[in-house]
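Quick notes on the structure that follows.
Naming follows writing order (A, B, C and D), and every chain is counted from residue 1.
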Amino acid sequence: MTTINTPMGEPTAEGWFGSFGGRYAPESLMPACLELEAAFRDAWADPAFHAEFESVLHHFGGRPTPVTECLRLSNQLGIRLLLKREDLAHTGSHKINNVIGQALLTKRMGKTKMIAETGAGQHGVASATAAALLGLECTVYMGEVDTQRQALNVFRMELLGATVHPVTSGSRTLKDAVNEAMRTWVSEVHDTHYCLGSVMGPHPFPWMVREFQSILGREARGQVTDLLGDVPDFVVACVGGGSNAAGIFSGFADARSALIGVEAAGGAAISTGTPGVLHGMKSQILQDDDGQIIEAHSISAGLDYPGIGPEHAHLADIGRATYASAGDDEVLDALQMLSKMEGIIPALEPAHALAWIIRAAGKEIPLGSTVLLNMSGRGDKDVAQVREVLQAKGLYR
Amino acid sequence: MIRPRLETHLRAQVANGRKLLIPYLMAGQCPEWLQVVEGLAAAGADAIEIGLPFSDPIMDGPVIQAAAVSALHAGTTPMGALAELSALNLEIPLVAMTYYNVAYRAGHERFAGRLVEAGVSGAILPDLSLEELDGWSEVALAAGIDPVLLVAPATGVERTAAICQRSHGFVYAVGTMGVTGERTELATSVHEVVDKIRPLTDLPVCVGVGVSTPAHAATVTAFADGAIVGSALVRRLLDGGGVAGAVEFISQLRSAIDEGPA
Amino acid sequence: MTTINTPMGEPTAEGWFGSFGGRYAPESLMPACLELEAAFRDAWADPAFHAEFESVLHHFGGRPTPVTECLRLSNQLGIRLLLKREDLAHTGSHKINNVIGQALLTKRMGKTKMIAETGAGQHGVASATAAALLGLECTVYMGEVDTQRQALNVFRMELLGATVHPVTSGSRTLKDAVNEAMRTWVSEVHDTHYCLGSVMGPHPFPWMVREFQSILGREARGQVTDLLGDVPDFVVACVGGGSNAAGIFSGFADARSALIGVEAAGGAAISTGTPGVLHGMKSQILQDDDGQIIEAHSISAGLDYPGIGPEHAHLADIGRATYASAGDDEVLDALQMLSKMEGIIPALEPAHALAWIIRAAGKEIPLGSTVLLNMSGRGDKDVAQVREVLQAKGLYR
Amino acid sequence: MIRPRLETHLRAQVANGRKLLIPYLMAGQCPEWLQVVEGLAAAGADAIEIGLPFSDPIMDGPVIQAAAVSALHAGTTPMGALAELSALNLEIPLVAMTYYNVAYRAGHERFAGRLVEAGVSGAILPDLSLEELDGWSEVALAAGIDPVLLVAPATGVERTAAICQRSHGFVYAVGTMGVTGERTELATSVHEVVDKIRPLTDLPVCVGVGVSTPAHAATVTAFADGAIVGSALVRRLLDGGGVAGAVEFISQLRSAIDEGPA
């Protein structure tokens, strides 16, 4: 394993970001991983593919998403806060960027089916959407517990023509949905692409997903520079698997901006995890002394993941990015604050990043700093849950 | 407690014209699992695969997943299970099967050491690909553990050659594209995968994944060196078959193999 | 009343579109209507106001929204179908265009409060959003029946800092929410602006709301012309009050495009209404022989209105636009079809327009025609209801 | 059945130094509404406003809304109510109060005709603004109906002048910015709105909206020509006060007005 030099450049040929990454996949999947890598390299070197990818994201996905300056909240926090508005992308989050890329690649590889895992349903809905657009068959694996908690998202995926497969193994949540999707991929790999939802899994997934998400970082770099005449002092994003963070970080990795990833306190793989191998990658993982994986727990289903993309483990290692965490209560407060002061109801995931900003303003973030927050998704998917939580706390009637 | 080393033993058996039968069970999946191991050894197994339970077994179907859950719920740990194994008196080699994180988290040296202490002489880590083998492979071999590698129906010829080159003990021919689990029919890919491996190695070639019945075992051992039977046995044990049920099933498999295909 | 000549030009000084429109407001409100008209004329003639309006809609609202070509559905229908994607605008529909305009005007008039009516909650959420952004106090009037049916939208508005006032008079739905908002406006008019949600109400509302919505028509004209090298043969939009239709029609009124408004069969003011006066305007209204207003009934709360904006009544009169209607069942089919074939779950409102297109393709719409549909909003708000309806029909488990 | 014309009658009363009391009730709001009208006339009302129920009364608060709902539920129609009124023998004029759509839908001529047949000689259409008055005003006047217009606290002076110019019967001074309904206190705006109107017309100026108690009525008639009392009466009727309750209330109002403010 050779260490790569450019922060957020290409991983090594074997998929390593420093000492993280790799390809820990059953042999039945290895040919598919190699085929995918070759197909992605080929596509990503092909201007026609880029053109199609960007055109679909523009005409169908609503890109570029704007950058919004939060005047009232900035004033209150004593910083200058900008939001990259992935909540305005089609299907309501940055997930669409990745699935459009992978769906186009699926077609290019001559495959007719896609499978995907999902937790709360965001990546599942995005995958079903891309599949509908391109006429691919789509099956989404979702923990049975999540299919019950998110019955409406199940219906949404079904409306989009996907089959939702409830996963009854393990904790019946996201981690198990990934397991089950991988198992299925093993038997259907000849005509099926596994559309992984974040910068995780075996090489080339962490790299490929980051590349598909880097469009948002490139856009943001240009937009913020136009607005500020400079890069921001801080670039902040929530981290579940780490795809939205990787996307926005990649636009500023070569700049002076501090990069901050914010995990859920109950799923903080960087600060409380140890190196391990899960779902095809070596990274920081929540695990016990025997190497058994520990379940993550967060108010936000999208951050409820015991691992983190290998590139983030590497960025933490080399100190190019810093990882913090936020707890459920401050996240709820942040969500309410942004809603009331700026008219934007954030998803619970980016509300973690905002909670950190609110806590750090005037401390880790010096007053007067410019801060770019990746608003990775909209809160509509979460309002029912937030209402229940506030009701349970006696904070809502 | 010295047991025969995996590769030495299997090569010898094959040289004697014996078709190999390698049953799999999950450590800790039932209270009597150690007696089952002894029973299988006595009833004609040529080696036994011992699953060490892992929370996220991505190569396993529902039956072996359930066995892992049951073992973990009963408090089984990979290291604890190995310690228990060391007490057994067996004439055949044992092969550990688990996922790479168990070995990685323990540390290669420590994990290999524990295997050796347990009298285990082979290891199958299905998610440790050829690409990531460096590090573990050397440590294992140095400790006297044969790292057994897998070849899948989808594996190309060149890659198969590379895998065969680095496999020890035997080559694990994955009989079908899919996870572990019982199938009513043997996959057509079984023959092809063995044919692909044969010219590339003189190691024994054993077929696993989807070999579920005595008839399957007889069929595959007609062209492969051995049959690996996992889910079919694990299910019998989960269903409460106990030592007797396991021994009866293994005896049926043994006879079918020895008689050859119908 | 003088008839205006340019289709979709300014109404007369007294707010007439042909024989529809006017100002039928209690005298307590007339000074406010006159003040509003003056303020709007002044603002709309001020390039600085336009610049701010457009800047907020760009940076905050996500404009321009794209035009998406529906390849698979076009193929099936034998036409070329384009969608103007208002579903991608912030808060999920075209409603944001109007509320940003009115909220900016509220500030310009020196008022500190906004009231709004809402049916399903779309205009209420948009109003609460604009108020939060600009630091205005906001109260939303919503029929009690609707607050129960749409409890999540009530919560969403409250998250955004608005007060939701359940209306218990009359049928306790949209029509009564308008009544109640008007009544409140009467007593609070000194510091409060009534942010009406569609091209209805007394002059200058129908004209002003159309002007604020015309941004989508202008955008669409440019985008479609770029794509087709021509204007589309048909421009189709759903019509509740008629604001999204007015917005898109205004971009093509001077072109050869046929303009088609599609009402809900149970609220088809043009085809089954008669001239009448309601909510401050003269227009086509559903009423009985005594002039009592009849309640509209539609699967879509946003089209559940017994009137229609006066300009639409006029466009129908002079034959510049044609109005059709669609029934609940074909609307459900259309919603499912677009979801499955194009990966876009439409709101129930624009699904009416789509249902008509599906029915008319190859008949009123000759094969090979180019058709622009205003996708006025996303279906997320409707999926719970659609699921219940499909369940009740035995079409979903 | 000829009754005195609204404006003629009110001017005469005012000229006689009498302060005007104009109660309002909703046609059909209770079964005995016609008897209530007679009772009010006998108990000292100078004119009576008859509400014709409309489904969407945007100038009305909860009490009059409830009366409208009750009347509509009971099957009352504006035209039916007018037909019933024609049977009454009254010495004072009646004023219809409803929303413009009722008149528009019926057609101006037909509506005016029905009013005349009912012995009604004034009409208040609160949502028919000065701007939209043309058409109705001419038809009404030609038929012998006085169109009564409203001036609000927010109405500017020029506009007040224009409204006064086109009002007939009396000028309706809206006492407070708000919809009909009872208030505990008289609004401070009452005095201002009357002061604004006074120099611009010689028509009687009557104050309505928020005049709820005998004391209120006494206060406003100290500077205005008359008091219009709606919700307070309508509520008593909705509460089951009946003819007796209405008459008692109107008598209290009458006495208070005649005695002047305390």
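The working rule: a contact is a pair of C-beta atoms (placed from the backbone, for glycine too) under 8 Å apart; a residue touches a chain by one contact, two chains touch by 3 or more.
Because the structure is a prediction, the values reported are computed rather than measured.
Note on connectivity: the fewest chain-to-chain touch steps from subunit B to subunit D number 3. The distance from the centre of subunit A to the centre of subunit D, with each centre set as the mean of the Cα atoms, comes to 67 Å. Centre-to-centre, using mean CA coordinates, subunit A is 37 Å away from subunit B. The residues of subunit C never reach two or more other chains; the list is empty.
In subunit B, there is no position where the chain touches two or more neighbouring chains simultaneously. Chain contact topology: the protein chains form an open path, each linked only to its neighbours in the line. Shown are all chain pairs that touch, namely A-B, A-C, C-D. Across the complex, subunit C meets subunit A through its residues 58-60, 62, 65-69, 72, 85, 88-90, 92, 128-133, 135, 152, 155-156, 158-161, 335-336, 339-345, 379-380, 383-384, 386-387, 396. Per the touch definition, subunit A reaches subunit B in the complex via residues 14, 22-28, 30-32, 169-170, 175-176, 179, 182-183, 186-190, 274-280, 282, 285, 287, 289-293.
Interface residues of subunit B, counted against subunit A in their complex, comprise 54-62, 65, 69, 72, 77-79, 99-106, 126-132, 149-156, 159, 163, 174, 176-179.
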